[in-house]
Structures are given as structure tokens and as C-alpha cells.
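In the two complexes that follow, subunit A is the common piece, with subunit B as its partner first and subunit C second.
Showing the complex of A and B:
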């Protein structure tokens, strides 16, 4: 007997970055309402950058997100450099890739351990895990600290990095005063990365144990992310699209609007996006579906061990894809450090503009592909800006997943509570980063 | 090492006070003998500063402590009880008191921590501060820098 009546009204899904609501009404077996709502207000960053000098723009737009601020910085720098006719050096390219991987690792560890694992372990948050899984919590914090030290070494800090600037880097890794010291800092970072391998293996074992708790829901959809002809698409590349039947397309980054096709809906103040189908997914699962063959061999080994196969149409597997990427991030970064040490670091000055015009930059942030676009006047002041963030690109796909999942849950005779949990877990799997999060304190003084 | 950490969200009105304050202090180069860091809404980042080597953390944040909007006070975490009911830790739900609680539970070092609390007027979606906080911004800057220096003496 299928569930006939259900009323779900989750006002602000917990353990996501910001505010999003789930509303489902089912009466006498009829689904009257089934919505993923995002009550997010416009933030006007595009207006804020107008009139600002190119040297200031990345610093402003990195504030779009405290979790993905490295990605916003890099997408912004790439867009500005495209507009300003700047070709960066190999050293800058490698250092930026190192920084990008640091952010990805840091964010994925936060998401997998602190936001998703409690669902799989059947507890409401990380706190109840301390007495039963104290070693897991400590490991999570150890890995989070590594992500922080990794990003700080390259970018100056992990939130709103200071060293990555238009044309290059403002200072050497670790803020070193000499090339030799900087190279030592990179060697030290490499040792730390390799030192994280046992934690990665332990995480793999934990995920193997918990994998049975991942809902088996699948819904074929379109996946969009960067595809890099050199490596797994993360820092750079063209826009790749893979359809459910495996058909692939590539688009130039400068044509991003023809891919994102943003539109407004009544149910949400955030924009939705669509491409060939009426929605698409961005993020780790999209990236791995597009780039599986380019995973680092060690990461691919773990993916195979977890039974991960592409094309994977289960959005709940996004968290598993994130962990596979986290391992990929570690090994790729060890390789970048080796390359940097092999070519020898130089104390380079940032490259200067050669022209002023329009440019688009794209990079992957933990939650998916991110686009920035700017136009500059002849004195280097921004006249126009546009940023398309991945969470907005995913809203439509979350809605379509809801549309497919709710009837399945009803047919399985799930209770309201069970349905609510499954829908919340689905939202959390996408790791949405919605801008309206606050975490102010509310206290009373002890007598 | 001593850290001045600014928490908050630029898009949520007075919730951004910690961020704006730390940003201003760094821009004015007032952070000569400490490090001023914009933590933003990446609250878990705070835990990475919980080490044996950390001499002091001063957190600047919007805090409802019963004052008038714009009022500020300085306290230690053990002087207060949280009134906030949260399901866990994320950038949405976590606060510094919850993070300290987590660190204690897993025996992580807890450095000396002080909180510069600023009573918000509005934490609705807004890209700026309320007039109450805007007009007292310089007072907060002085209070933060003095708190860092006092602790150093």
C-alpha cells in the first residue's frame, strides 16, 4: 500500500551552507506540491565590481563565498587575465592548481565528514559521534587542518587568499623571502600531503562500511563540468557535457551563457539553469562522470574499490565522488610540487596587461563549475561583471530529483519522517552553498 | 601566535561586523603583532587555530547578549551559556561556542579565547551594516586592537 498523505515542510535544511526549504504536500495519493525552495536574495556582486580597478576585483568577488573563496578568486583572476591579454607563467599555473586542489580537498572533507557522515551513521550531527567514533572525528579535523595548511602555504590563507593576484602571485609559497626557503616550504607541504595517505585509506575503509546506507536512487540527467585535455578537469579546461546516453560535447568557456541558460522560477529567488535537458548537475559527480579516465591512478584504485562506475546517475553518490576527488587532490598536488621543484622556483613578478577588453574565466569549485566574466575600460576599470555559481546551476536538478524521488518514496510506503530524511539527504548530497548562512552567537551571561 | 578572527557573512547585514572589522584592521595595517584573519562563514576554520602554539584568539562576531543594538562587550567563552539551538555544525549552524565544545570533547588544545561581542540590530539580507553599528565602527576597531594589545602585556 503506497503512502496516501504526507506533509513535509522543512524550513531551512540543516547541515547545508545556507537556507533552503523542502515543501511536499500529498493528499489522497496525489502530489499537490513538491518543491525545493531557495529564499535567497540578490547579492549585487556584479554591481560592486563596476568601477573597480582590475587589481581589486578578485578580492571583492572572493567574498561571494567563504568556503569557495579560492575558486572565486581563481575564476575572477582568469576572467580578468583573459580580458587583459595576460599569459601567466608555468609556475603560476602550477601554483594555482595546487591552491585549487587545496580548496577542493578542504571543502570535501568538511562535507563528507561533518555534513554527510552523520546521516550515514544515523545521528543528527557530528557531536553524538564523539563518544562512539572519536577517532573518526579526530581524523576529520586532522584532514581539515591539512587542507588549511595546504591552502595557506600557497595562497596566504584559505579563506579569501591574498597571494594570488592578476598576472601571478604576490609572494612565494609560505611567504618565503627567498626561492630556497620557498622550495623548502613546498617540500614540507609534500611531506604533509604524503603523511595524509593513512587517513585517506582509513576514510576509504569507513566509506566502504557506510556505503550500504547510500540510497539506491538513480535518475539519468545531464552532467556539466570542466574537461581539461591535460588532466582531470578542475582548475582549467573547456566546458564538457555528458548526456545520459554517453554523448559528449565540448564548449569554449567564452560560450558559457549558451550552456548555463539561467532562468527565473516562481518557487525560488535563486536562478535555475538548463542546457540540453531541463536541468543538469554540476559538482564532483559531474566531474567524475566527465573525467573518470583522468583520475590519478591511486584515486582510481580507490574508486574501483568502492565499486564506483561511470556514468553514475545516483546524486547521493556525489559525496563518494567528493572523497575520490579528495584523494586525487592529494596525489596530484604531490606531482605539482615535484614539477615545481624540477623546473626550479623563480621570484616572478606578476605579468602586466597587454590590452583591455572582455574576458571569461571558469574553474571548478567543490560544488561545480563556476564562471566569472568582466569587461574593462582602457584604464583597467571594470565596466561589467557576471558570475554564475554552481549551486544555482544545481537547483533545477535537485527539483527534478525531487519530482522523481517523491513518487518512488510514496510507492515504497515511506513515512513522512523517512521521506523527509531522504529528501534532506538528497539536498545535502549536492553540498549546496547558499549565501544566506549566519552563525551569530546568542548568549546569556552566567550568574 | 595570536589571531584576530572575524566571523560572519557579508550578505546578512550586521552578521558581517566581524568580517568587516578584521578586514579594516588588516587594510589599515593595525595587525602588526597579531594576525587578522577573515574566517567568514567557514566557521570550522577556527578549529585549525586551536593548537599548542596559539597564545590568544580574539573572535569578533555579532552576538545577541541583551545589549542595545551597537553595544559591545568582551568576554571569555566560559562566562556565557549559549541560547542557540542548533542541530550540528555547518557554516549555517555552527558557532564558536559549539566549536569549543567539540574541541574539548576530542581533547584538542583550547588556547585562551576572548570574544568581542557586538549586539546586532538586523541580520536580514543586506549588504551593509545597520546605522547603529556603522556609527560605532571605529569604537569596535579600537576595542579589538586594545584587546589584542592588553593580552600581550
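Showing the complex of A and C:
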């Protein structure tokens, strides 16, 4: 006998960044309402950058999000550099990739351990685990701290990085006053990264034990993320799409509007997006579906050990994809440090603008592909800004998952409480960053 | 001694200050010997309607709809701490306050939809009484812990420095941004952060606010004459984080 009546009203879902609501009403077997709502306060960043100098813009848009502030900084710098005709050096490119990997690791560890694991362990938060699973909590905090130290070494800070500026870096890794000291800082970072391998293995074992608690729900959808010639799409690349049948497409970053197609809905202060299908997914699962072959061999080994196969259509598996990426981040960064040390660090000044115009930049933040676009006047002051945030792009897909999942849960005779938990877990799996997603907008650039 | 019941709440912000709290690493477990988190939406599903010893509030007050929620926190909390610049001054959210068309700029034809209603960004203290302010974008972790220590041990006064960031640059022997061909708001910016930005080669943007009675006219002159900033930039420079503190606010 299927469940006939349910009334779910989760006001401000917990253990997610920002504010989202889940509302489901089922009466006599009929689903009257099933909504993912986004009531986050709008913040108007595109209006804030108007009139600001190019050297300040990334410092402002970094404040869109505390968790992905590195990603916002990098997308912003890339957009400004495209607008200002700046080509960055190889050293800057490598250091930025290192910084991007740090953020991805840092955020994924936070999400997998602090936001998702409590559901799989049947507790409301990480705090009750302190007495019962003290070693797990300490490991989680240790890994989180590593992500922070890694990003701080390169970016100066992980929340609103200081050193990454238009054209390059304002100071050397670790804030070193000499190249030799900076290289020592990188060597020390490499040792720390290699030292994290036992913690990664322990996490792998824990995930293996808990994987049975991941709901088996699947819903084929379109996946969108960066595809890079040089590595697994993360810092740079073209916009890649993969359809449920495996068909792939590539688009230039400057054509992002033809991919994101944002639209407004009354259930949200954030816009929704769609491409070939009526929604798509961005984030770790999208990236791994697009880039699986480019995973570091050590990360691929763990993926195989967890039985992870692409294309994966289960959104709950996003958290598993995040862990696989976190391991990939560690090994790739060790490689980048070796490369930087082999070339030899230089004390470079940031590259100066060669023109003032319009430009687009894209990078992957932990939650998916992020676009920034700016236009500058001839004195270098910003006249227009546009930021398209991954969580925005995922809101439509979360709604479609709800539409497919709720009837399945009713048919499985789930109780209201069980349904509520499954829906909350689904939202958490997307790792939404809602305070980011309410700063989008529909700005038309003059041709 | 009973643990101090602490709760965290967020309003209009990036939630970066609470992320900073997760960056302590293992020592965070030691902190839990002194405090008991009873509500923290981003980290825990537990909620409470009971009294709270210390409420930490992050984010600006930017919607009238949020006033009631703030009042309810105030009613339940013995001590209210606003932390992070969004909460202490409106922070970066106030950067748009001097304009009137921000909703149209961002939401275009959809601007009139009622759920997009938003007022100018204000500090938490514009809605409720705040006992202590911890400024910064983001907050300085060490300062946060010091304030928590002072609250846990019942120190009468929570100490936040009142001198400018320049003092901290001199103390750590950072080359002045002006000597490096750059500009900086250090002379009027409130210290306490340890001046990490100039040390990393970028200007201080006064994210913690300004010292008492700042000489804004002299600052503007320095930005123009020593920093070579054009007139409009020098005039607007400090708006990034101090829009609600400036003389023209």
C-alpha cells in the first residue's frame, strides 16, 4: 500500500550553505505540491562591481561565497584578464591550478565529513560523533586543516584569498620574502600532501562501509562542466556537456549564455537554468562523468574500489565523486609542485593590461561550473558584471529529481519522516551553495 | 563549570566567517570542552527554542522580513555577538547602498517580484541590541577565539584594538604599500587583524571598518597625491567595506 498523505515543510534545510526550503503536500495519493524553494536574501553583486577598478573586482566578487571564494576569485581574475588582454605566465597558471585543487579538496572534505556523513551515521550533526567516533572527527578536522593550509600557502588565505590578483600573484607561496624560501614552502607543502595519504585511505575505508546507506535513486540527466586539454576539467577548459546516451558537445566559454539559459521562477530568489534537456547537473558528479579518463591513476584506483562507474545517474553519488576528486586533488598538486620546482620559481610582477574591453572567465568551483563576465571602461573601471553560479544551474535539476523521487518514495510506502530525510539528503548531495546562487542576473551587454 | 551554550545564526552574507571556524583543525575539539553548540544550521540539524548563553550572528540585516527572526534571537540570548563585517557594519553588502537601481541592474524586468524585496544592507545593531562586535572580512580566527575566551571566563570587557592598521604593518616590518608604488587604506583602517593584506602585497581595504574619528579628507588626499589615484577612485575607494561608516553614509 503506497503512502497516501504526507505534509513536508522543511524551512531552511540544515547542513547546507545558505537557505533553502522543501515543501511537499500529498493528499489521498495526489501530489499537490512538491517544491525546492530558495528564499535566500538577494545580494546584488553585479550592481556592487559597477564603478570599481579592475584591481578591486575579484576582491569584491570573492565575497559572493565564503566556501568557494577561491573559485570566485579565479573566475573573476580570468574574466578581467580576458577583458584586459592579459596573458598570465606559466608559473601563475600552475600556482592557480594548485590553489584550485586546494579549494576543491578543502570544500569536499567539509561537505563529505561534516554535512553528509552524519546522515549516513544516523546522527543530526558531527558533534554527537565527538564522543562516539572521536578518531573520525579528528581525522576530518585534520584533513580540513590541511585544505586550509594548502590554500593559504598559495593564496594567502582560503576565505577571500589575498595574493591572487589580476595578472598573477602579489606575493610568493607562503608569503616568502625570497624565491628560495618560497621553494622551501612548496617542498613543505608537498610533504604535508603526501602525509595525508593514510587519512585518505582511512576515508576510503569509511566510505566503503557507509556506501550501503546511499539511496539507489537514479534519474538520467544532462551533465555540464569544464573539459581541459591539460587535466581533469577544474581550473580551465571549454564547456563540456554529456547527455544520458553518452553524446558529447563542447562550447567556447565565451558562449556560456547559450548553455546556461537562465530563467526566473517564483519559487526562488535564484534563477534556474536549462540546456538540451529541461534541467542539467553541474558539480563533482558532472565533472567525473565528463572527465573520468583524466583522473589521476591513484584516484581512479579508489573509484574502482568503491565500484564507481560512469555515466553515473545517481545524484546522491555526488558525495562519492567529491571524495574521488579530493584524492585526485592531492596527487595532482604533488605533481604541480614538482613541476614548479623543476622550472624554478621566479619573483614575477603581475602582468599589466594591454586593452580595456569585455571578457568572460570560467572555472569549476566545488559545486560546479562558474562563469564571470565583466566590461571595463578605458580607465579600467567596471561598467557591467555578470556571475552565473553553479548552484543556480543545479536548482532546476534538484526540482526535477524531487518530481521523480517523491512518487517513488510514496510507492515504497515511506513515512513522512523517511521521505523528509531522503529529500534533505538529496539537497545535501548537491552541496548547494545558496548564498552564491542569489546573485545572478540578467544583464544585457551592449553589442 | 557548565558549558556555555552557543548558537550560530546567519543572515545576508557569504558564510565565510563560519567557514573560518572550521579551519582551526583538531584544536576545535578542545574548544568543545568549554562550549556546547546548540544550534548552527550550516553544521547541524539540532535546533533549540530554549535560552542561549551566547548567540553569534553573521550577516547583514537587509530585509525587513528578517527583523522578527533577529528579535527572537535577542529574546533568547543572554549575550549577542555580531561577527564578521557584514554583521558589524553591513560590510561589502553596503557597497550598493548609495545607488537606487541595484534591483533593476541585477534582476532586470523581474525586479518588481515581491520576493526580491530588499532594503539597504545594515548592521545587525540596526535591528537589535548587540553586545559585542567582532569585525573583519573574514574574521580573524585568533581574535574570535580570544573573544570566546573572554566570554567563557566572564571578562568584563571584550577587547578590540582602536589603532590603525599602519601600526600593525610597522610592528611586523611590512614595506608600506605607498613605498611599493601602490595605495592603501591602512592610515584610517581599524586594526586587530594583524595586517595580513599589505604583507601579502595588496592594499588594506579597511574591511574591519575605520578608527574613531578618521580624517577621511586627508585620506582622500593621500590616495590622490601619494597613491596616484584619479579623483573618482580616491573618493570612492573606502566604500568597499565602510559604506555605512563613511562621512557620506
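In this text, the second predicted complex is superposed on the first by the 434 of 447 C-alpha atoms of A that agree within 3 Å, B and C clash if a C-alpha of one lies under 4 Å from a C-alpha of the other, contacts with A are read in each partner's own complex, and residues count from 1 in each chain.
In this section, a residue touches a chain if its C-beta (ideal position, glycine included) is under 8 Å from a C-beta of that chain, and two chains touch if they have at least 3 such contacts.
Please read all numbers here as calculations on a predicted model, not as lab measurements.
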Partner chain in contact with A:53 - subunit B first, subunit C second, else both or neither: second
A:175 touches, of subunit B and subunit C: first, second, both or neither? second
Partner touching more residues of subunit A, whether subunit B or subunit C: C
First, second, both or neither for A:379, with subunit B first and subunit C second: second
Contacts of A:163 with subunit B and subunit C, given as first, second, both or neither: second
Partner chain(s) touched by A:63 [first = subunit B, second = subunit C, both, neither]: both
Where subunit A meets both subunit C and subunit B, residue numbers: 12, 14-18, 41, 43-44, 48, 63, 65-67, 69, 110, 114-115, 118, 124-127, 130, 134, 137-138, 141, 144-145, 148, 157-160, 435-436, 439-444
Residue ranges of subunit A touching subunit C (in the complex, touch as defined): 12, 14-18, 39, 41-48, 50-53, 56, 59-60, 63-67, 69, 110, 114-115, 118, 124-127, 130, 134, 137-138, 141-142, 144-145, 148, 156-160, 162-163, 165, 170-171, 175, 264, 266, 269, 379, 381, 435-436, 439-444
Interface residues, subunit A side, partner subunit B - complex: 12, 14-19, 40-41, 43-44, 48, 63, 65-67, 69, 110, 114-115, 118, 124-127, 130, 134, 137-138, 141, 144-145, 148-149, 157-160, 435-446
Residue ranges of subunit C touching subunit A (in the complex, touch as defined): 11-20, 22-26, 28-29, 32, 37, 40-47, 62-63, 66, 91-93, 95-96, 99, 101-103, 105-110, 113, 115-116, 118, 137-138, 196-197, 199-202, 205, 230, 232-233, 236, 240
Of subunit B, residues touching subunit A in the complex: 7-12, 15, 37-45, 47-48, 61-66, 75, 79-84, 86-97, 101-102, 105-106, 108, 115, 117, 120, 123, 125, 127
